[in-house]
Amino acid sequence: MIQVTLIQIDNYGPWTVTPGPRAEPDLQTLQSRLYGDLEREFGARGGIVFFNRFDNLIAISNGINYDEHLLIQQSIRNRYPITISMGVGCGETAIEAQKIATEMIQKGGGAQSEERCEVLNIDSLAPDDDEVMIAHIDIDDITTTLTDIETAYDTSKIVYHVLLSLMDELSDIGAMCFFIGGDNYMAPVNGINKDQLRDTLKIVDKKTDVHLKAGIGVAKTAGRAADLADIGLEKIRADITDDSVLIVQ
Amino acid sequence: MIQVTLIQIDNYGPWTVTPGPRAEPDLQTLQSRLYGDLEREFGARGGIVFFNRFDNLIAISNGINYDEHLLIQQSIRNRYPITISMGVGCGETAIEAQKIATEMIQKGGGAQSEERCEVLNIDSLAPDDDEVMIAHIDIDDITTTLTDIETAYDTSKIVYHVLLSLMDELSDIGAMCFFIGGDNYMAPVNGINKDQLRDTLKIVDKKTDVHLKAGIGVAKTAGRAADLADIGLEKIRADITDDSVLIVQ
Amino acid sequence: MIQVTLIQIDNYGPWTVTPGPRAEPDLQTLQSRLYGDLEREFGARGGIVFFNRFDNLIAISNGINYDEHLLIQQSIRNRYPITISMGVGCGETAIEAQKIATEMIQKGGGAQSEERCEVLNIDSLAPDDDEVMIAHIDIDDITTTLTDIETAYDTSKIVYHVLLSLMDELSDIGAMCFFIGGDNYMAPVNGINKDQLRDTLKIVDKKTDVHLKAGIGVAKTAGRAADLADIGLEKIRADITDDSVLIVQ
Amino acid sequence: MIQVTLIQIDNYGPWTVTPGPRAEPDLQTLQSRLYGDLEREFGARGGIVFFNRFDNLIAISNGINYDEHLLIQQSIRNRYPITISMGVGCGETAIEAQKIATEMIQKGGGAQSEERCEVLNIDSLAPDDDEVMIAHIDIDDITTTLTDIETAYDTSKIVYHVLLSLMDELSDIGAMCFFIGGDNYMAPVNGINKDQLRDTLKIVDKKTDVHLKAGIGVAKTAGRAADLADIGLEKIRADITDDSVLIVQ
């Protein structure tokens, strides 16, 4: 089972324009800091956070219990002008888990409700021995084929096109996919086998005219799984395998 | 003329896997902090930075000169394990300006060159009296139609689908577009008139089944233009106009 | 037993002036961020960090083992232009523990050695069931007697005078004392009883012409002990006791 | 004339214990981040900030006007759970200037007043052509004589003893003095000549049994003056002069 925490800023939209619109560089700073700080908090406990939409962040949180979520929630209240609500769910796939996590938050109130504040609803926690599967996906040779010859923005368009294709195709088989910078994507892929992932990458390759590869890490925490996924990707780069997908556990 | 600064981390890809892959939560923290810090540095000088791909960030930098770019570059060197190179270009449209900014960086060396370090190549600076046009675009009623009823990830897929459509359509008429969190996008739209922007939003509306609106701010700095764009968007929300686009200057 | 971690930036002095002196605001930012980040890392694991001299920070680290110290050390390397070495020691008093922690670092090399990098020497870890005692000390009514009527700097001189007196007197009986902002001081006081602390506060009261009070917290982690110390101080403020010292466990 | 900004967190003491005491690592993080962020904001505009008491920070702000102070104040409101008030004063010496800055804040209300919020009272701004004098003071050979042979805490006691002596002696002749980490102190010394500073260092040398030296920088902004002070100190370290004090302008 994979455990997903959905983190939502309480009543954020209205706050950004009260009493008048707040300066955009301030909001961008607030959002990037919140993301970085949540990454530290979940990271220190073995988890990993994806910025997703910045006001709705998604963490893979296997091994992180109620009390730890509560401490994280309080630590944000003590350092930010906003508060966060969290919903936690588990599933055989990441898509199932985030669905439950979303419901857990939604039953606490709307994202722009003035009443909702620091909801922490946990449907269930993943058993300690269960494992997380995370794929680290990147584009072959993007530096020489794109970054160093195309304009910065044309490269970005391709990177985001690949992102959207991965989001679409992977969600069909139960995985979420997140952009993690550069030409890198990270996908929690519990319940998906190597063949399925390889086939999905090929579909995206065709749609977007790039060549994708993926290391998959399997471990009891998301942090460790991501480390192993990185090692898998490094091995593919080093031509240790001809396959575009490699599992490390 | 709009002035664009392309900021690129020097030799970042190789650094992230030397001597072995570095922990992903650490890299995510590094990237979000770098983004937040560059936002402060450019923001304090009237500019605005978009995270773009995190290792390639794009700033609208009208009014920021060579010495200030140099101070920003040094301040990153003094606080981060990595260094940044910057290219600066100006154009009638943002797409033109980023093209020149990209060339300015590329002529300093490749993104994964071990030799390139702290290039600062400025093709030209925008005249002080020239103005920046920035559009702040958002999706109507996303909270009630999506966030509070769909799963978090389904909402994200729509938000990123809209992003990619905006990136595609706006670049055709000379604008870049960036995701700034939630259901918000920001587009430097120099050289584009109100009718063109309204038509583009309608095309994206049809392709993605949402309803977009935009405030456009016009000012001598990107920060001020973004503030005015926010005010425009607030006025549309308050039903002061029936139009989906409003210019404030 | 109290467990103390001494954290020292490797070869920091030379780095700050190589190739030339680095901008002071950059160095101040680096130091404050490093302090804040180490506070998060140790804090997420139940510990607490004091800035001490900024290039030599001191943590109370009961419950934090070798692997966790290693993760913290790596996370700094991955996000900062500098690295840190750490020495860990335990003792019946904080003064004893820091003495051992210092020796652990010193045997790894000098603070300005070019060779020393990321030493992590642990003499011993405190047993899991051992407790930390932390006193939170503050000055009575500083806002009305000083802050709101004296100049800012005159108040600061008094606050620092009290700090130095506390450092001198408390180290004689085995405790360290750190400034934690405002008119607040925090002292790890393992091995010191209530009477000893009350007497020490009285000595400092006389020397500095203020009136000090202290809550003492006792718990298995420094974070929890500090929380309890705060509660003790709040109870004294609420006149629940006439004593200037209150223990909460 | 030197221009001083006193920055005070509004109603901070009560906030830290409402509804109950907030976790100390969270407060330490908040304070260190606030310090770092104010350092960036003032630093980007040529100023420098000293943490002083963390809830009362002191900036040397020559060249920074009302609008820029306002932007800084708003940027903190937009990113922190607390707000700040500021008072600005000018004087022939730093002690005079901070006295006026303090009065400017005090007339806005008490530090623990529930009503006071974001006061910004400026008595006067320093003329653009006026210069700031800043001394960077350090202890000779502290690494070999103290850090590498004494315990960490014994070294800290000496460093804080020197700090208090410098605060006492320098304020008698019109200067403030702040600890900036390691064995380093920074003192805005407008109105004080080289002989006076040399004599003061000698008095402190005798009282504390160390040997102090100082570079003095003179420039139109505090940031530039601090840079020049660093260069002066480097020249003394390089034995370019036998004097313990060197002015660079």
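Chains here go by letter, A, B, C and D, matching the order in which they are written, and residues are numbered from 1 within each.
Rule of thumb we're sticking to: a contact is a pair of C-beta atoms (placed from the backbone, for glycine too) under 8 Å apart; a residue touches a chain by one contact, two chains touch by 3 or more.
Being a predicted model, the structure only gives us computed values, none of them experimental.
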For this session: Between C-D and B-D, flag the pair that has more C-beta pairs in contact.
Result: C-D
For this session: Can you check how far apart chain B and chain C are, centre to centre, with Cα atoms defining each centre and the answer in Å?
Result: 42
Problem set entry | Cα-centroid distance, chain C relative to chain D, in whole angstrom | 21
For this session: Provide the C-alpha centroid distance between chain B and chain D, rounded to the nearest whole angstrom.
Result: 36
For this session: Quick one: which residues in chain C touch 2 or more of the other chains?
Result: 23, 25-27, 29, 33, 40, 43, 71, 75
Problem set entry | Touch-based graph of the chains, sorted into line, ring, star, complete or other | complete
Problem set entry | For the chain D and chain B complex, residues of the former touching the latter | 37, 40-41, 43-45, 71, 75
Exercise. Can you name the residues of chain D that touch chain A in the complex?
Worked result: 22-23, 26-27, 29-30, 33, 71, 74-75, 77-81
Exercise. In the complex of these two chains, what residues of chain A are touching chain B?
Worked result: 6, 8, 12-13, 17, 20-21, 23-29, 31-33, 35-36, 39-40, 42-43, 48-49, 51-56, 58, 95, 98-99, 101-102, 105-106, 110-112, 136, 143-144, 147-153, 155-157, 159-161, 163-164, 167-168, 171, 176, 180-183, 186, 223, 226-227, 230-231, 233-234
